[in-house]
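Below are two complexes that have chain A in common, paired first with chain B and then with chain C.
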Partner chain A sequence: MIRARPSRILVIAAALAAMVHRRACAQDFDGPDHAGPSVSPALWIERGLPDGDAGWRLDLVGIAWNGLEDFTTRSLAIGGGGGPLRLAIGVASTGDAEIGWNSAAAATGFISPRCGGALRAIARRDRSIPVSEPGAGIESRPIGIECGAGFWSAIGSHSRLWASLPALYGAGEAAPLDRGLETGIVGGARDVSAWLAWSAPAHAADQGERTAGVEIATGPAAIWVEARDRPFRAAIGVHAHHRGFEVAAEVTEHPVLGETLRLALTLERVRSASEPER
Partner chain B sequence: MPSRCTALLAIALAASAAPSHAARDSASPAAATGSCVSASGVRIAEILYDATGDDTGREFVELFNPTASAVSLAGVRLEAGDGAGPGRWTLRWTGGGNDSVAASSRFVIGGALVSPAPNAVASLDLQNGPDAVRLRWPDGSIEVVGYGALTDVEYFCGAPAADVPSGQSLAREPDGADRGSNALDFVVADPTPGRPNQVAFDAAISRGSLAIDPAQPAPSAPARLSALLLNRGTRALAAREITLIATVDGDSACAAAGPPLGALDSARVALDLAGLDAGVHIVGVRAMLAGDERPENDADSIRVRAGSGPLAITEIQFHPAGGEGEWIEVRARGPDAVALERFTLSDRNGHPAALPSAIVLAPDSLALLAEDRAALIAHYPGLDSLRVLEVSPWAALNNSDDSTGIADAVVVRESDGTPCDRVDYSARGIAAGVPLELGPLGWGADSDPGGTPLQPPRAPPGLATRFELAPRRVRAGLSSRLRWALPWARGTLAVEIFDLTGRRIARLPEALIGARGERAIEGLPGPGVYLLAIAARSENGARLIRETRTLRVEGPAR
Partner chain C sequence: MRPGTVVIIASIVMGTMTATISAGAQAPRDSTAGAGADSAGVDLAAPADSDSTLEGEEPPDDADPERDYEIERDDLLAKGSFEMGYAFSQRAGSSLRRRRLLRVREPTLEAHVRDGQGDPLAGAELGTRVRGGWLATGRLAPRWGRGLVLGTPGDPWRSGFMGAAAARSRAGAGDGVEYRARDLPVDLLVQRVRRVALGGFAVDGAHEGAGMVVRRDESRARSALFSLWSLRPNTSGELGADSRGRWRGEGVFETASPPFVTLAGRLGHTAFDGAVPPRTLAPRSIVATAWHSPPAPISLALAASWWRFRTAATGARAALEVRADLPQHDRIAAGWEERHGRRRVARTPGSACDCGSGADGFRQGLWLEWRGGPPGFTTTARQEISGARSGLRSVTRRAASAGVTATPVRGIELGIASTVYRSRSGEPQYLSEDENDRRVLHALAGAGRRSRMVLMFPAAGGRVRATLVLTQAADRVTMPQWTLDWTARTRTR
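Up next is the complex of A and B:
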């Protein structure tokens, strides 16, 4: 008889819930990192998948979407915690004054050696009142909120399974960025890891996508490559840290739209596992 | 003035390819038709039934006696047949007691204006084809020669000969030919009353075969002059025996050696002219052959215009959708007023129709040439009706392209045939009812889908960039509009829509577009930020412009 571990049951339950509510919206706090759990507080907010040791980190992230001058994202997030608890807060701004919006968000969760997860919430407010609909009765900048969650669980000693559902609930103005449920698995040994992920369609015109990637780490630096389909896109990223300072960059090549560039600067104060908590 | 030919192309054709000979090979003798020769051996050798200008006094019938003894024509009846119905023969001449044809000689029966003077003067009053001529001999034998599309077998022998153009005669070649069919024995030829139809040395330029490409070259631009070169003699001609000379306004422009030609062979030859000065020129080709026995058929010429003519075509409605009939807008180009009566209008294949005489267009002013003037004025009530002219017969314009990608042509010529303006248009991608218009970038769909008759092209709204998306922020269910301003007259536009992660959401159908235009962007799945990847390609595919625009669709959270 096979006995399922409670953490795996939670992952499966989250995935099933996502199948019922497949629509998800995020990306205000996207950053240069591969799919799955992350040590970045910005990505805790983005995916609800916290990882890493106790301590704190400050992320400054900039994204140039497909080289468009009128559409970039800038975000700041700070997060950390002690013991199993984790907390992150952040602000972001996307797009120009005509179509852009500002965001404020928070995520809180836990981490254990075998699992982790977080709830996340975000509020967005447009940077201007829509001018395209005179007489529509819109007299203030539209506001929208969304809440979601993510969860991951270790499988064996070298792999993890995750599910991320950033928008279980939404109200007000719809989030401007769409993304479906993402589930995936990451595994590896020593300095090499690889992952596979699946994103469910966000709407009828979306076919979803599949992701595969591999990362090689050496000392304080790592490099990863990642591929997505529909249409085929490839990304390459690097990050390196030194004495509490980390830089990361990722370039995604699109066959039609061109390149998307993600850059991040991180300040960190992280306690190693042997360092006693105060 | 160009001083030399830059190239000579000579493509030898089989003898059967020459127009005047084509009918001979395709026609075979047939039974139960009129007889081809008389018992006397004398036969009809040449007929001129459609002289240039007024036929009166210029028509003739030439008889040839190939035998070694003289033949009396006393009692011989020359009759003209009307091919419109059976049994319609009318006597034109009867041989007298003193009329005879000497051995190996000719006898011409013709009008008083025939030169040299005919042996017998008679008013023949021959009809243009399809008709016939016959000789009735006192012994009862009959020789009949029919021409044109005859159906009644009494009017021809074997098969009727070709109908000839005005100024040309039907000539038996060789003079003694008897192949059992008018179509085989007779060819189109220059009139030679009283002289042999075929000589040993005769190089000729087929009348009407001269053409220049392009038909209206730009000033100083190269142009190719081509013509059908004929060896009308019985002797084969070696390469370089003929010298071809191109002339411009009577001056020799260039010369080149002709190709080898067998007896009765023909070849299409081309000479490349380096360029012509702006204006109207008489451009010709002369075939020079030492000992040529018929110099009168050695040359032909055409009127050619280099550069723009005084009347320009500016707008074409070839597929009206509102009952207004087809119409064409023209503009007086240049510093002088233009009298429209000097011009003709035609389509690609039609006969030119003269323009009405009442209008003189002031410089740079517009006029409308209409298929149905009343309907056009009713459709556009604000038109200045004094500048709307009905042209009759109207050359109906085609609405769809042929295999060459051309639907039809609108051709304006001066009354003497000099080209003035010509537009070969394609209907591809032009929505029904939308006229074609000459804009700053060339011909394309009209700046106003309803047309701008008697108005210049409507200035499109200025765009700061090649593509403009407005508004960039719309509520779900509404549409935004994509406008463009491209540096070419026609092309294609493709739009792919992606979400911000780069996933393809939609692909709008590729559309044929003009230089300026707009289309709706709609059918997006719901709220979100979308990236529009826009690709515009020129009609020949050589140039491509790609740009991306951002569109935000708003709506309540679901």
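Up next is the complex of A and C:
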């Protein structure tokens, strides 16, 4: 989906290739949060792992990839639901008019106290028109579609196991990342939770990376740190919540590619467990 | 409706059935199929099969490692009922394929008919009550004792070796006729297996038995083999001999109370072969032992075996499995296995050779599996790695799977499963996937992903199973394949 100046193509292609082993998920809605099920609609779309109470949330996500100034992702996602059902829709734009693509996506799923899951679909279209042969007609911008799913299941009362299969099917222009499978387990007690995860691209099952992280929450704020191998790198994130307004940020340091910064601003209207459903 | 009428009507409906009449309605059958055979995906998320081996299912060693392997499911039809099924499937770039199934089980008649283009399980089995006994015709897979003389012997590098269950190999299956007397423990058999003609007679009591089989091979040379066996809940054994005085014996003993220890051994002449020589040689000598703890919330199982084909061709295996049964029927299991030496010693016509395969040698493997979830939402996740060097280095196979089966409404089931894999040439990663009437072991070679989506719902008095399989190989081209399978069971009385 990337067609423009060769030098920039090389830079961004190298960055994307390196990200292949980073996570088995897409990057259009990859907001700041720890691995596993999330309350963020953007991440429902990203991973297919919905979590959280009934209500509505609006996510504004911005990502600066690997220190590339011209290569950022901006996305907007809104999602929520009532009872066990959840729905999220979102749009995103990555890169610029020369090298980049626009995305529209949706996810639908359910949540119960002991399990959850969602189906996700995303369509991407290049922002630039491909260079055509002299004399040939104007080509249309390439489009690609990707569908996947995710699910999680409770183990006992304090742990969950999850699996994200974000790209079960793809058609048209190839997706920017080779997304295979991510599985993990998260557990915790009181305000501390920890997780272990494994993820791999579809065509390099023997190159899977392992992730370990821990989150400490205190009142309306939380901080998490995460370490990954191949190559070894770390991420640190924080989020804070106040009266239906939430901000989150995560910084990932890559030894070769540099720093990736994720920011998210969330507006929410969430029904607490004690509040009756209308 | 009389059972015979049912069979005749169904046969007419099913049209030009090219099946070979076969029998042994109780005998499990298996066969190989090309990779393009009808298949649907993984029942990764199906409820745990207590008999499944956690180290993964593999076809028998005489199967082509490059091809899928199909096994008839051990799904016994209730007495006084019949089953019909139609299946359509299509793989991208190939024509539509059709498969049909009919099974009848009555006190006086049993029939099992499959038909379909390229279906490796196509064929028919018929068993009927006759004067003084039961007559079965068609493809038979008889087994005496532990399979040393008739049937196929177990492989000591597999978990099921100690058990008395029939090996899954198709080496001993072939068309034939079998008569079992009703009031006498007498069994008569005439069979043809891979150009070997057999005629056998057995006296088969409740636990012990003795039999003689006469074999005539391609060269029209005749020989006789004799077997004496015992099959009891905690002990089993067999002593086989041929007319030239060569013999082989095998025995298994298991303690009935804790500690649950099993000991097994095999000994005999190198040149001894069963009535139908398997494609790969069976080990001449075996020593095996196993121990497992009581089925507590956390159970432990250990197994070790050593075998020898001949002086220079030996092998050994050790395995450890830990299983934790959690509340709500959840289960976590982990296992480790190490193997040395040869597993396959190929046979050339007329003589044996020490031809090893690329899959032989040192292997170390580790697996971790989860099955569970709340009612109506069963999840599975599995990690598996095997290497040719210690510490799981020089990876020969790597696979990761996850699957879910949801039952949103009674009678409707939706399943999604996906596996990413990489395997070395000659050592495919096998993926066990259940279909309505069979289990398919898919041989996944190279690197890629196989995803399967299944929807099951009631329709037309039966059950429809719609499956979409997406296989993405190293060239990143997605190969879709769909199957629509309808099956209905009805009681005849």
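Rule of thumb we're sticking to: the second predicted complex is superposed on the first by the 241 of 278 C-alpha atoms of A that agree within 3 Å, B and C clash if a C-alpha of one lies under 4 Å from a C-alpha of the other, contacts with A are read in each partner's own complex, and residues count from 1 in each chain.
Convention: a residue touches a chain if its C-beta (ideal position, glycine included) is under 8 Å from a C-beta of that chain, and two chains touch if they have at least 3 such contacts.
Keep in mind the model is a prediction, meaning the values are calculated, not measured.
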Legend entry - Which partner reaches more residues of chain A (counting touched residues only), chain B or chain C: B
Inset, instruction - Check whether A:75 is in contact with chain B, with chain C, with both or with neither, and answer first, second, both or neither. - result: neither
Inset, instruction - Please work out whether A:174 is in contact with chain B alone, chain C alone, both, or neither, and reply first, second, both or neither. - result: both
Legend entry - Partner chain in contact with A:40 - chain B first, chain C second, else both or neither: neither
Inset, instruction - For A:103, select first, second, both or neither according to whether it touches chain B, chain C, the two together, or no partner. - result: neither
Inset, instruction - Using the superposition on chain A described above, determine whether A:183 touches chain B (first), chain C (second), both, or neither. - result: second
Inset, instruction - Determine, under the contact definition given at the top, whether A:95 touches first (chain B), second (chain C), both, or neither. - result: first
Inset, instruction - Scan A:163 for contacts with chain B and chain C and give back first, second, both or neither. - result: second
Inset, instruction - Have a look at where A:266 lands relative to chain B and chain C in the superposition and call it first, second, both or neither. - result: neither
Inset, instruction - Pick one for A:142: touches chain B only (first), chain C only (second), both, or neither. - result: first
Legend entry - Shared chain A surface residues [contacts with chain B and with chain C]: 170-171, 174, 178, 202-206, 208
Legend entry - In the complex with chain C, residue positions of chain A that touch it: 112, 114-115, 117, 149, 151, 153-156, 161, 163, 165, 168-171, 174, 178, 180-181, 183, 198, 200-206, 208
Legend entry - Contact set on chain C toward chain A in their complex: 326-327, 330, 370, 372-374, 377, 379, 381, 383, 385, 395, 398-404, 406, 416, 418-422, 447-449, 451, 453, 470, 472, 474, 476, 478
Inset, instruction - Would you mind writing out the residues of chain A in touch with chain B in their complex? - result: 23, 27, 65-68, 70-71, 95, 98-99, 130-133, 136, 142, 144, 146, 170-179, 202-209, 228, 230-231, 233, 252, 254, 256-258, 260
Inset, instruction - Please name which positions on chain B make contact with chain A in the complex. - result: 471-475, 478, 496, 498-506, 525-529, 531, 533, 548, 550, 552, 554-558
